[in-house]
């Protein structure tokens, strides 16, 4: 019924992916992530045919977690490490944008091949999920700043969450379990801040994190 | 009767290992007792005083019920183990505590691992369960490693030990595969004659690699020289005298119990012939006494393998009894070489301790200080060169008889036997040259360097075993007929299912008579000449040497020169490392020429291969470069690869 | 015939006749060179004199210096006794005595070399190395010759082996064994028994320091060895054993004489070989024996 | 209900330890909690409780076949922890102790989980709980190691969640009730949607493989094991990897029930062999004896998954190998920890002749080397032989050849490093060790005990264990 609304939201999320890929400013990256989180958080309402407190709880938790708490922490970390820009990433912005765009198209195509249940066939859930995961991986592999990688991880996990929405009615538990991934992210960020306090690792540049090697 | 003896021996060895740290006296007593018990058990079964011993118990080790057996073949090797073990034990009692700058903790460790080695060698010999065989095999390898590296503060020793361990493990892996395949083919770990399972024949190649490597089969001998040279001498004696022979034991056992490929005999014969010749040529050019002896072991293993190969070839032919003759020769050679080589290594231990070096080029004239050792060493060398009236000849003689019959019978086997005979002959002659060199450089002439501290005959503990072994060599030479029964029984036990062939007759009476007469005449004439000379009186003077007033000791022939001529014929193969400086000008100053014998197979084959592998490993290790981004990329790649596999495989139903 | 008087007779034959051979050779050489050579019995005189002489011994030498020659002598003589003598056949023979013969010669070599090394002299070391090195090829040739005979006669007992069938094989064998004979007994072209250049000698140089009875033993042993090889050669190529006794005896004697003459002629007509060439010649002998073996093998098979 | 104590007891202990005031007394929590945990685990092993199909946690045959050894390993490591934490008195141990206890609780949960989601949650929990343990030393190196562990491991965890979703969707496609207990999934069997099932398998294999440390997802291992304290390494290598392996086994059983067993076996075989080969190549060159242990662990994970790919006998052998490997690895990590502390460095380039510096630990370390390279009488020899035999019975000759070659190279690498640092003239980075490290019984006995257990496992494996493994195999290889 409100599949169109849902698809709209997913489209927004996918747009935010591209934004995240293209932006060199860490702050805009964080903002993109937080908006995406909120969008994701809103989705369960649109999915659920009738009001169920459980689903509402999940949704609210998601919005609060993904959309507000984590971006807040990230922002704090950013300020603590006073970095603003992602300098010369391993995969340049334009290539990663192109990759992301191509990936998004491919995702739509791939979703057609996958055998989906009729009620999911129309929705952008699966393509969106795939696109976000791809974006996440691109950021994880292509960025130098730890913060950007964390954001990449967040987007990856958003993709997984999107996919999880397929199952929100039958097995809500799994979907809720996804929240734990946010905890992981929380640990990342805390790690960064803690370490920032220790001054062990300046400018959160992972290129300096290559002491341990063969 | 047998069971209790063996049990006693093993327990005594165990207790001895425990006692070794605290009280050497207890250790030596227990270990000697164990050796005697092992020998007794071996003699009882080997000479047929007792029936073959086969003992099963429900008591499981590693999930497998114990199954021990002692037949004539095992007994033969058990007796060898007992003999050399006794000698080595006695020798090491004082040898270990000689202060040659060895690690202070060495003696205690030496006793512990020594008992462990003998224990597990015995276990392997009396075992009839694949799993337990493998356990014993691996453990004696480990014990031997710790014995070789007793003086582990020296780099050379550690390197030798490492090479030994690595090579042995390669062999062990092959045996892993061998025994596991056997077990999965037969459905049980139990070992025994399996004539009818012709599908098992290919397994022989695995066994050949695994056991051959341990035996020092020619191209696989790379670990052998350095290990024998760097180990303490009583250890070298046991390694060369017994553990090499265990490789032979394994080959005998499983070529006897399992069916073998048709080509097996030919391959072994060929490898043996090549090994005999190559080994002894390498020995001839060595400049390190113990390396020389070690390479000589490679030759004798070759001789033994010629016998075994002959037996296998003959087994493929109708009514070819010559095979059993060759086999009997090989078995006897296992003994003669074992005892003689142990004798030589013990002698070398004394010599090295006295001269303070292993370098032949710095010895000489030691007969004055060590007359008895010199005699014992001479006996060992003569036997090694197969000279009458000593033991070495007897085994080779039997092998010769077998091969001659093969050639005379005009069968296809002649094509293998003929070349083998000639290889044996050449090897024999080179062996003579080798031992002439060894004796001359060590004992004769004038000392080439200022002699070291301990220029005196060793104490009783060390001289007694040397002479004991010399006695054994002499006895085997003069009365070989006495060992004919065990040889016959052993070569029947080799293939228990071949009841078709006539019982093996080992014609040793005539040769024994001949050797005895010869010995008597030798002694008589030598005595007569001695009397004559001393009746006429002897004047001592400097070496005349065509009128050189006072030849200096540095004018004597050196280790390099003594091997030079024959070595020169094989330069294409030995590839010695030559460094020289030609004399220049009308008044030439110092000039020299130096040939370092090289480990051709090791340096020419093994090392390059290892280098390639290491190159690959270095390339792979670059992947762990510490960049997190790529680590995540690896995950994605792994994902993609697995997905691809599933996609490809999923396509087909 | 019984061992009792057979053995002493043979012993006498070998011990007494052997020193004649070098004398003969020298006579022949003298005759070819047109000189009055040394008397035929020169070696007997020398031996007698040496037997009475006192021994001078290097201060480095051990008792082995004296025992070595004794062992070598015994080895050679026993080897000779193993050899069948034409119609008289053999007395100590047993299956496999051929190998015993080879290894007895090796024992002799070892003992001589040991005695030589006693003195710590560079020259004698040189001689020893040459001796044991060339022996490698010589022994290979002898073994393959024996193998050829064994193949012909299906036996490994000398008295049966030495009943050859005359043919191409025998010719090859003759050539090969003759060369080996020259090498093993240090005759020209391998060595020059009466040279005095130590650098060029093999056998002589090993005995430089010996004197008195030991030297006598060495010289006599050498002559026995020479005779032994000649007898072996003759019986290996001529069908001595197949003839009636008198003819056999005559043939044997004649053959040996022939060999001796051959040696003499070779020594008179051919110059010594350069040392680098020696292995080459020996290898040739080796190959000749190998071909003989092949011929025997094929012949037997066909 | 009682089995749940295996989870709840440690968690309770963790909270208690977290609020406990005294740093000196706190380490005693470890044995105090671990001992009853082990006792309970072994009692349950002997007297297995009833397990009803539906429930999410259960001490079923599979848990019964592996949990006792993990618990035992933890007990011994915690016994080691007391003296260790005393030596490291300078560090506050509040977080360390409580998270360590949480880890064993969560590991028990993971081993007993019979529900896909619960299993994932437990694994995730272990992953997060291990973070403070790895970061215990607080050095920049430790931080880097932790960071990599977290990001690589987190990615793996995320993938395994995705895989769980796909598996759920597969059952949804097959008109499943959405009940994600393994029993239900296996029951659904062939009706599971094939494509989704396979996608799920690949994702889960990579995800849990990352936690196991299969190549090429092993990259976090050398860093983490290299920088973590010895006992943490022991628990990670002996326990956490086991949890992941058991997870894979349970998932594989679902695939088997769905008739996709061959596919699962093929992928397991490939990744297993790849791990063995890669690990052996790394071992040939590594120069640091703690990182070496990490690669050796990668190798053994490869061996496990090869075993798991060989059908019923192989899985049985693999379960056996889980036991032997956990015990042996535990001993090696503990003795390596001792050596690291007494030498001040773990690199061949700085350290030699440890036999003189720390004789006892060196002896243990060398013995451990032989134990881990399949030398009798230690357990790994027997378990590897059994895997080999399973492979030969399955007729995988080429596979076995590669496998054996890998073992050989691994031996070369390990022996090279261990013997290199053990013998020779002494040389150590810490000429005057910062903390003088004395080889007290407290730090020697645990390692010794583990080795002894490994040997005992090999020579006289109790019949009970055999029955455990066969029961687990029976549960895992459900015949459709």
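All chains are identified by letter, namely A, B, C and D, in their written order; residue positions are counted from 1 within each chain.
Keep in mind that, in the parts below, a contact is a pair of C-beta atoms (placed from the backbone, for glycine too) under 8 Å apart; a residue touches a chain by one contact, two chains touch by 3 or more.
Quick caveat: nothing in here was measured; it's all calculated off a predicted structure.
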Farthest-lying chain, centroid of Cα atoms versus that of chain A: C
Maximum inter-chain contact count - chain pair: B-C
CA centroid of chain C to CA centroid of chain D, Å: 78
Chain A-chain D separation of Cα centroids, rounded to whole Å: 31
Cα-centroid distance, chain B relative to chain C, in whole angstrom: 36
Centre-of-Cα separation between chain B and chain A, whole angstrom: 69
Contacts with 2+ other chains: residues of chain B: 621, 624, 628, 632
Chain D, residues touching no fewer than two other chains: 147-148, 151, 155, 222, 282, 285-286
Contact pairs between chains, per stated definition: A-B, A-D, B-C, B-D
Chain B-touching residues of chain D, taken from the complex the two chains share: 147-148, 151-152, 155-156, 159, 194, 198-199, 201-203, 205-206, 209-210, 216-217, 219-220, 222, 263, 266-267, 270-271, 278, 281-282, 284-286, 355, 370, 373-377, 381-382, 385, 388-389, 392-393, 400-401, 404, 407-409, 411-412, 415-416, 419, 423-425, 458-461
In the complex, chain B residues that touch chain D: 60-63, 131, 134-135, 138-139, 142, 149, 152-153, 155, 158, 161-162, 165-166, 169-170, 173, 176-177, 180-181, 183-184, 613-614, 616-618, 620-621, 623-624, 628, 631-632, 634-635, 637-639, 642-643, 645-646, 649-650
Residue ranges of chain B in contact with chain C within the complex: 364-365, 367-368, 371, 374, 378, 382, 385-388, 393, 397, 400-401, 404-405, 407-408, 410, 414, 418, 421-422, 424-426, 428-430, 432-433, 435-436, 439-440, 443-446, 507, 510-511, 513-514, 517-518, 521-522, 525-526, 528-530, 532-533, 536-546, 548, 551, 553, 555-557, 561-562, 564-566, 569
Chain A to chain D touching residues, read off their complex: 114-115, 117, 133, 140, 146, 149, 153, 156-157, 160, 163-164, 166-167, 169-171, 173-174, 177-178, 180-181, 183-184, 187-188, 191, 195, 198, 200-201, 209, 211-212, 214
Touching residues (chain side chain C, partner chain B) in the complex: 51-60, 62-64, 66-67, 69-71, 73-75, 78, 92, 94-97, 99-100, 102-104, 106-107, 109-110, 113-114, 117-126, 128-130, 132-133, 135-136, 138-140, 142-144, 147, 150-151, 154-156, 198, 208-209, 212-214, 217, 279, 290, 293, 297, 300-301
